[in-house]
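Chain IDs A, B, C and D follow the sequence of writing; residue 1 opens each chain.
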């Protein structure tokens, strides 16, 4: 199979998977936007299509006829360079275009992408393939957002309906162990081989001090110990902005948790369930992750430490006391939760030395968000298979909790 | 036809008309709540049904089986006495129950109301008939709200779709004339014959000074003169809270108006249209109505003056230079606009002397809103035929503009 | 003594009294603005002086030299007609002019007012005397505001210092009795004899139904019974906007009250004191007054009922079971509290039939506030002696509590 | 002179200088808090005294009698470990204690510190000296805050009074040059010799890529070119949160700037002055500094690059085309402005590898603010002489502008 056939096959598979994620939705669920962070599922379907139309079809397909020029503004997420876009909180107003029209839009654009692959015989082949790859990865990111947003929407419904298959971890999480690294100069970031986002590049050197990183994520049982020890009542564990946040919002436990009597429950794809102490704690903010780590006498890893640790693991698997991302192995039968989750690092989201954004409007894809957000590494049960990698940089504001985010502890260097 | 058959026939007609109002909607339009004042059309369909279930079926129909106990809270609008209700701004979250389920709920409750009429042979006949009448009038109020909310939603759509037949007034509005009244003791309010809301009762005496009331509403052309004369820039015309409001919100014209170049346009059921100067100005707030009146050297009528004038007209039509509510005559072919509109009075919404709210939860229907709202009289093109009457009291906050509200001028008594 | 000498003597006395009210203040207290409702005491001293300068000296005193043209904007309270004024919340920024400069400004303007009385021999004598009278009454209003604002400021100080002599009521409040009135056409409002504000005029007829009014204000003991009966937890007693207010603000008792253990304390001019059950309850909002009345099976009087009752009392004192405003008798040794307080009525603040505002900028004195506020009648322990009268209309937003406001009950007409 | 005499002399000098900074204030100016970022000058006088009382006298001086226990809460800035502190926005309410009392408090505590030095003959000598040094440095930080807050307060006064000597830069700023560094492993941070804050420690290695840093700060003329080129209208130059900020706040120029006609003016210690194009641009937010740099085809330096550059300069001054911090030389005649200013870096404020906060309540001094703030390096005309050093880390939120903050450009590494 030629490279372009492979890409087209992957394009078709990803487009299909997006609709599969929505298969648990009733018709009216496509309209819901329960918080300003989230978007209505309908909008995700339109926006991921708009991406291909805007960055590929309009530029490279001869005689391309735009589906509807009104879509320029309503499915543009945040690209100022492309002109007006609707403010995010008003996406809930989009009863028009209808879901049917959006599905038609999807099919129309998919057909034209096929045309593009068949017809082109020009000099742009590499550029087109790269952009299709980018569009595929973009759509995969929105697949995870769809899961996050659907979960949030369903939680806000008075019916709290389930929306997917779900089974909790079986067996014990096992004792939390530590892996040591000796530090020194280390190389971080993606090189030019294979797909990566611009924010992962360039690969560059960084200096690390000796550190130890935990073999697994903090689990619910451990986090409950923090709660029961007054973790949410003692400012000594908290960054100042975190303490203000939990005081203002009256947070006493992770997002999606509720306490009834003495028991804790959590909202899952299968509905409200009693907490399983062996599952990794998920849906915590950066401030909660940071406070937990301080309470535990540890800290969060930097993203450099995290990447160095996981890169080393792959080349030296024998020394590891744990397997790289075990949840991937068990998540092959659909959307599972609570699975493993993204891991908060202590690193603000910043450009790497020598960072160059993509040219044109796509330069807004990542670079302009490099302020006031924190990097998360790894992936989650909601991440499409194969989407993430060891250099992958996810990022959210430190107060955000609707993404699948958990805690991996780190220690060192020891003080002299 | 017996009284009960008549009521049942009216019940069926009103229920059917509610769905007819929604006939211009696409499926996803039922989910939209574009402002906190409005409710999603879906919700109106459920709530008007809940009203019959709650206040009739549960109380009077033997062995009534509740459709779904979750509906108690989600379709309760504001009755604290009945327990929890969802905060109004979160009605947009109600993707569940689905529209299909709500329509099934409607049919189920309609069937049981028929059962109630057929089976009852007890002492509660009058009470039941009165409550069905109340439910019918309640649903008619929501029919007008549906039109208001749909208009608001469509205006917020980037597509600004039309949603009904519409034709502007043909011909000239005619010169604005005045009718004089000599004042004295007058009786106001509804007596016990025929249906009325509790807030219209009891009929009572009030003392009026001589006054003159305008023969027709202020029209767009006249209102434009106010705008062009700097009406929105001169605080001398405005109540203090009105001036703060228009400064903060940067209002320069009525709601649904837009200025492009030198021309003014208005959103109508037929989409955006150029202003017709002969149409009555509509969708103004109380503060704008009051400021216009002050600019014109007049004032707004009190609700007592208004009711006295229109009651007198019916009995002495010869002296009138105008016809009682001409728009009703021309609105027989469906939802029309801009038709005539509700008329702001200078009267805050207060209990009449001797006012007694309905007993039980229904006491919350009107009485608890008698604070910080202003009375409007008359009716509008969106009011169901036959719903309003000369004693009818509509009420909105003085800053509200999404209801169909216009301006009738008043003058007097002359100063000595 | 000639009329003009009398007025000048009263002018001097009132100006002196303003400073006496401030005698309990330390220097830095003059700068405090603890809420947006209040103004710093310094500002009151400047504004009451600006009033005389603006409406008298600049217009009538030949060759008057303005003290400082910057004062035009900073001491203008809300007169749009006079140009820019500082937003009320920023009055706390006025460290300049200094207190010394403001006191110098006071003396300067007082001297020029004396000049105005001595020099004038022209046709404006009546106009000037009327405006001086208005300025005197205006300053008296600010004397009450000074007391209110100082109380609020001291309450917000962590030291909660006292600021005046204070002694609670001695002895029993006595049983609450009722006085009956038979209704009919009654005349309300001020005629042209003696000083009155424009909002009290013109005197006009109104129709009253039979009613009974309470002989004294509701006292703390009675209000505690309301609290203990769950008054603040039961929405059935509350107007909808009142219920939202107390839910949002978590109000559980009147302003200035605190509960420690089982006891209630209140902030007074003498500092925090245990509640005296015999004292009238004070510093309640309209919503609390209204809810208390509903709980008690009564209602608040309209301002017409109130005025009619108190006017009648003066001419028929023998029939009264109580004395007109007994607190005045005991308040002769300085600022006392809790004394009697203003009495909430159920009447929104509206223009009387035929109301004409003063001409020019002074037309903004009262008229533009006739929206969304409620009328209070009577006076309070903080009102300057002789300032109020039976036609006097005080007004505040229904949620306001920092003014001295209490509850007088009313009943009737009986339902048929 | 013994070490302890030296420290005591410095203590006395710093305490005296704090009052000198306030010498331009009128009495009422001490009460003003014009924004929530600022504190009233009175409060600074109290808080810097409370610091010595709390961390030294209470712990080390035998039989120390607390001045006033109410001061514990009102002069505690943010130390949760020490119990309640007043919310920052309510510091403006502190008319009590009076300014006189606060000055007495200062003298009282100063006397007891002298006692402490004279009486101690125990084992805590080093600890005490370190804490006095910390208190001195703390007070110096508040000296700069005093200048910042006074400037902000005076700017908000309608009189816009000057508050200090001021003269603009004479002569030309000179051409902006570049100094190159070759990168590699560099050591950053303070070692244990001499005073440093905990956030400057430990000294540690970091890896740097080759970079060039500008010889001087961006000046007003250069910044005007950015403005005239549409810098504030083009989202391409801005981080997403910066663009939201300037859109929401309608920022079009630096803080303290105003445009009248075609000319730009700036508020200085000498009042409003026309812009001097040769002066460094000051009072810009991080977002403006970052946007300017992007417009100029450059970037901001990281704090590591900045420190490396300035450390290198000191040891290799011959190679430099510019002098280390020239403004220090010309600021010897009092408070000058606009002088040089702090320099925004691209580095979020984070703990260094191995960071250990001070023990006890003082651990809250710096560590808990290591979130959502950006590091600034250098010093400003408002920084006390000798206070800053090459390892010094100042930090503010990226939207803050009331501190004296300007822009130094950086470039590299070049992309391959």
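Keep in mind that, in the parts below, a contact is a pair of C-beta atoms (placed from the backbone, for glycine too) under 8 Å apart; a residue touches a chain by one contact, two chains touch by 3 or more.
This structure is a prediction, so every number in the text was calculated from the model and none was measured.
Asks: Counting hops between chains that touch, how far apart are chain B and chain D?
Replies: Minimum number of steps from chain B to chain D: 2.
Asks: Scan B-C, A-D or C-D for the interface that duplicates A-B, counting it as a duplicate when over half of the contact pairs agree by residue number.
Replies: When the residue numbers line up for over half the pairs, the pair is C-D.
Asks: Tell me whether chain C and chain D, two copies of the same sequence, contact each other through the same residue numbers or different ones, using over half shared as the line for same.
Replies: Comparing the two copies, chain C and chain D contact each other through largely the same residue numbers, since over half are shared.
Asks: Give the label of the chain whose average Cα location is farthest from that of chain A.
Replies: Measuring from the centre of chain A, the most distant chain centre belongs to C.
Asks: What is the distance, in whole Å, between the centres of chain C and chain D, each centre taken as the mean of its C-alpha atoms?
Replies: 47
Asks: As a quick test, compute the distance in whole Å between the mean CA positions of chain B and chain C.
Replies: So the centre of chain B lies 38 Å away from the centre of chain C.
Asks: Among all residues of chain C, which ones touch two or more of the remaining chains?
Replies: none
Asks: Please list each pair of chains that are touching.
Replies: Touching chain pairs, listed by label, come out as A-B, A-D, B-C, C-D.
Asks: For chain B, which residues are in contact with chain C within the complex?
Replies: These residues of chain B touch chain C: 78, 80-81, 185, 202, 204-207, 209, 235-236, 238-243, 287, 346, 348, 350, 353-354, 356, 368-372, 398, 413-416.
Asks: For the complex, give me every residue of chain D touching chain C.
Replies: Contacts found on chain D: 26-34, 42, 70, 73-74, 86, 90, 92-99, 153, 156-159, 161.
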